[in-house]
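Got some structures for you, see below.
One chain, chain A, appears in both complexes that follow, with chain B as partner in the first and chain C in the second.
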Partner chain A sequence: MRAFQILIDGFAISALYALGATGFTLIFGVSGVLNLSHGAIMVAAAVAAWAAASILNVGTYAGALIGVGVALLTAFATYFAVVKPIQDSRRIPNEEKEIFVLTGTLLWGIMIQEVIAYFFTNNAKTVLPIVDGVVEILGVRTPKNEIFTAIVCCFVIALLWLLVNRTRTGKAVLAASMNPRGVTLLGLELTNIYVVVWAIYGILAGIAGVLLGMFLGVSSYSVGPLTASAFSIVVLGGLGSVSGSLIAAFVVGYLETLTAYLISPAYRTIPALLLLVFVMYIRPQGLLGRR
Partner chain B sequence: MASFFTTRLFFISLALVIIAATLPLYVSGYVLGLLTVAFYFGVFAMAWDLLFGFAGEVNFGPTFLIGVGAYTAGILNAQFGWSVYLCIVLGALASVIAGLVLALPALRVRGPYFGLTTLVAVLMLQNFIVVFADLTGGEIGLTIPDVITINAGANYWIALGFMTISAAILYGLSQSPVGLVLQASGQDPVQAGALGFNIVKHKLAAFIVSAFFSGLSGALLVFYFGTASVGTVVDVAVGVNVIVSAVLGGRRTVLGAALGAIFLIVAGEFLRPTGELATFIVSAVALLVVLFFPGGFLGAALSREARS
Partner chain C sequence: MKKRLSVALRISLGAAAAGALMTASGAALAADPIKIGVIAEAQAIAGASIPQAAQLAADEINANGGVDGRKIEIIGYDNHSSSADSVRAFQRAVNEDKVQVVIASYISEVVLALEPWASRLKTPFVTPGAASNEISKSVHADYEKNKYTFHGYLTSAALALSVCDGAKDLLVDKMHMKTAVIMSEDAAWTKPLDVGYEECLPKIGLKVLDHIRFSPDTTDFTPIFNKIEGSKPDVIITGISHVGVQPTVQWKNQQVPIPMFGISSQATNETFGKDTNQAAEGVLYQGVSGPGVAVTPKSVPFAEAFKKKFGNYPSYAGYTSYDEVYYIADAVKRAGSTDADKLVDALEKTDWEGTIGRVQFYGKDDPFTHSIKYGKGLITGLMLQWQDGKQSAVWPKDVAKVGVKFPSFIKLSN
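== the complex of A and B ==
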């Protein structure tokens, strides 16, 4: 009974983590950027969906769409206002661009967080779920919304896999992650590929944010923990490896659920952190990472 | 090194310290209190700059070192009643041990991987403090019975003196041959190693020095505040402020980091009337500096001087 509950809850959480982390790792794989405003973009999507549905009364579907749209716009703003200027800057030496991108996106994330807190307060917000009600699976009363979350996450990840492996644009993205110089030599504009990747990232982060808002609720305080969890999942899986992130998301998701159910919700994050430190020591490049 | 005593930077620093030392004669206790905190923060930022700017280690967890020093000193005083000065020394020593623990992964992993390890170290420390609430005071914080002094002027002078001495040591170290080797091993470890320098030894030294000053400053800050809490010395947000200070003031300048920290704290106070938007404005200014003056305040000033 309890085992099934852990199995079901853990799956939904893990699928959500996986969706949030895929976009993050995709950007790193292609352009070497670690986007520390990730959590802020997810929260922006959820709060926008909440505001559209609860204040403007546009309905849950339109609200969710608006949320994803806001995430897409914020992702583009992050790229064009923060990341691209740093990458193009001649005054910043190349080997230091990484820390500048980290600092820049971190500050940008704080700015987004403060704007959200200013206009919509720090209170937790729960986005109205698209599907209501509960069903009984294997004797566990499960909200339909939880199943919906898991299905959407799996569907979107499958779609991403098709996009990357089966379309021309996707193959260009894949090639850029393997060898950016080779791609430019073949006559593809690297900036265009980056824009595509940031668009994919914005949509993924938006969907993950809105679903999170429906499932657990968000507030501007969730920004830091969300970024940290995406960061640790991605490092655990191996930076830049999408399949590694997926595995890591399920490991972390189930580990957290197990701890929360069997020990205490207060210790929820500790085993995952310990695992992360352990993996860093024995396999510094992560589960499926390449050096 | 000897030529430093004739540079403009030296005279400007000397003049600033002398002016700062006379402040208690004519400004209010409120301003002194603000600057006292800012000076301790300046030491945090300088210690961080030694690790990042010179050793090339992206330490996302400066508050791990600060927090270990601060809480060790606080717990020894509050729970065991040991004398203030002994607690401060032991706090700094505990922080050095923490620095060695942090240095272990740094010798194995680089870049973002090391950054994450340091971030995890902070989160673990935070969890530890909350879980062992009996010892540490948990989320409410630890009340510390003793303080160094309650005189605002004396506290100010202690902080100023401490910052000046730390700045002199850290800056001297960064300009010394050791600092140059450190800089070389941060930028290209393979080549620095090929030139016959022991990179491991130099990096360990950098971690120890950085941890010592972070922990000492954290312990002093705790005895100034009279409390130790997660929100003031451990939280990731505090660490972000330390990093932003160093980048704002100019990385790889050491002294700039202190300027950045003082600017950040004073600006935050000036913007207090704007309420919730204060953090937004400070972050936006910091972002603009990062984008348009990547060398920071001191970096921009020094490069202008070099050009003229």
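== the complex of A and C ==
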């Protein structure tokens, strides 16, 4: 009974982590950007979905769409206002650009967080679930919303896989992650590929944010922990490796759930972080990392 | 000769200067406003009402001519729920903005950080919403040093008593409940609260089956509710303030069949309904006042005026903050001065009928020196329940308008 409970709860949370981390790792893989405003974009999506549904009364579906739209816009703003100017700058030496992008996106994330706290308070918001009610699965009373979350996550990840492996744009993205210089030699504009990647990222982060808002709820305080969890999942899985991130997301998700159920909810995140440190010792490139 | 002259000169100069100062301060007394610094969590559900309610009280007092012709000026500081920011705000309020009294915070950790600063800067300081017993215990332990701090809200010990008093009538006598699990966040204010719960729940006939303390950072409450359900209690007794929206929404989404009853600070603000998408339905929480509840003749007019001005009914700390501005003004009037020590003396003699009941402070010899008195005829607190998207009083009988009712997923065991 308890085992089933852990299996079901762990799956939903892991799928959500996977979705959140996929976009994060994709951007790193293609453009070498570690976007530390990741958590802020997810929270912006959830709060926008909440505000649209609760304050403007647009309904659940429209609210969710608005949430994803806001994440997409915020992702573009992150790229065009923060990341691109740093990448294009002639005054910042090339070898220091990664640090500048890291600092820039971190500060950008804090700015988004403060704006959200200013307008919508720092209390948690929850997005009205698209599906309501509970069902019994293997004797475990499971909210339908939890199942919905897991299904959407898996579906979106599958869609992403199709996009990357089966379409021309996707193949260009894949190529850019392997060899950016080669891609430009083939006559593809690298900036266009980056824009596509940021668009995919924005949609993924938006869906993850809205689903998280429905499943657990978010507040402006969640910005830091969400960035940190995506970061540790991606580092554990191997920076830039999408499949590594997927595996790592499930490892972290289940480890957290196991800890919460079997030891104490208060220590939830600790074993996963210890595992991260351990993996860093024995395999610095992460589970499926290339470097 | 020359030296003697200069001494005489100095004395006369000094006397003249002193005279000038005295007239200046005399003039100041008549015209200068009484400055109250309000340091609060403007971005949190429970804290947002603090500066708003204080301003409302000041506006009303000023519209009625102020205190002996002096207006009340509220100077607000947002502390971002941080102790460090609050200490800086306190220093700035006293040293730069020259406030004479400070009202600050609903978070015990913040208030405990400010208490030594009230002593150092000799500035009377009242908290509208923190609960930790330690606040007033420190005043008792070192009265001369800490007498500047006043606890304008119930101590955790009193809160536990209030919850138990309500639980006895509503849960034990009416619904014949026998068992409970305590669920509280790990924070300074819940330590004495839990001690109080552990002590008074068995006395009223509720056996405590389990006691769960969780980190205020918790976002996923599934394992916690799961554990609670495992021990099959009749009721969950809550002690939550930093969290509120997430456990409430997850309780509803997961259809946890056990009612929640106790302290839930965020639920005291009307905005909680929207923040939880009405998942609050059925939540029972302790309050000092509430919308439409005539605890005193002042309660309802205040709540309505607040709603008219700010668009929502206040949180519990709004009621206390509003009362505080009034009884500070009253103390200034009685003291005839804003001198810190005279003001402390006057505040100690406070006997003010506010929106939450009759406010008096425990004296020097009571263990909770400078905390507001709990008891019949003073402040007893009440129990409210979210019903049909509204907060309704369900206890005590004299203010209750409706009976307790639960959403359909709640399965009462008796």
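As a convention for this text, the second predicted complex is superposed on the first by the 291 of 291 C-alpha atoms of A that agree within 3 Å, B and C clash if a C-alpha of one lies under 4 Å from a C-alpha of the other, contacts with A are read in each partner's own complex, and residues count from 1 in each chain.
Note that in this section a contact is a pair of C-beta atoms (placed from the backbone, for glycine too) under 8 Å apart; a residue touches a chain by one contact, two chains touch by 3 or more.
These numbers come from a predicted model, not from an experiment.
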State whether A:118 touches chain B only (first), chain C only (second), both chains, or neither. both
Figure out whether A:13 sits in contact with chain B (first) or chain C (second), or with both, or with neither. second
For A:131, select first, second, both or neither according to whether it touches chain B, chain C, the two together, or no partner. neither
According to the stated criteria, A:141 is in contact with first (chain B), second (chain C), both, or neither; which is it? second
Is A:5 touching the first partner chain B, the second partner chain C, both, or neither of them? second
For A:260, is the partner it touches chain B (first), chain C (second), both, or none of the two (neither)? second
Is A:222 touching the first partner chain B, the second partner chain C, both, or neither of them? second
Please work out whether A:277 is in contact with chain B alone, chain C alone, both, or neither, and reply first, second, both or neither. first
So which bits of chain A does chain B touch that chain C touches too? 117-118, 266
Can you name the residues of chain C that touch chain A in the complex? 43-45, 48, 80-81, 186, 213-215, 217-224, 226-227, 243-246, 249-250, 253-255, 266, 274-277, 279
Residue ranges of chain B in contact with chain A within the complex: 52, 58, 105, 108-109, 111-113, 115-117, 119-120, 123-124, 127, 130-131, 187, 236-237, 240, 243-244, 247, 276-277, 279-280, 283-284, 286-287, 290-291, 294-295
For chain A, which residues are in contact with chain B within the complex? 34, 82, 85-86, 89, 91-92, 95, 98-100, 102-104, 106-108, 110-111, 114-115, 117-118, 224, 228, 231-232, 235, 239, 266-267, 269-270, 273-274, 276-277, 280-281, 284-286
Can you name the residues of chain A that touch chain C in the complex? 5, 9, 13, 53-55, 117-118, 121-129, 133-134, 141, 143, 145, 216-222, 225, 257, 260-261, 265-266, 268
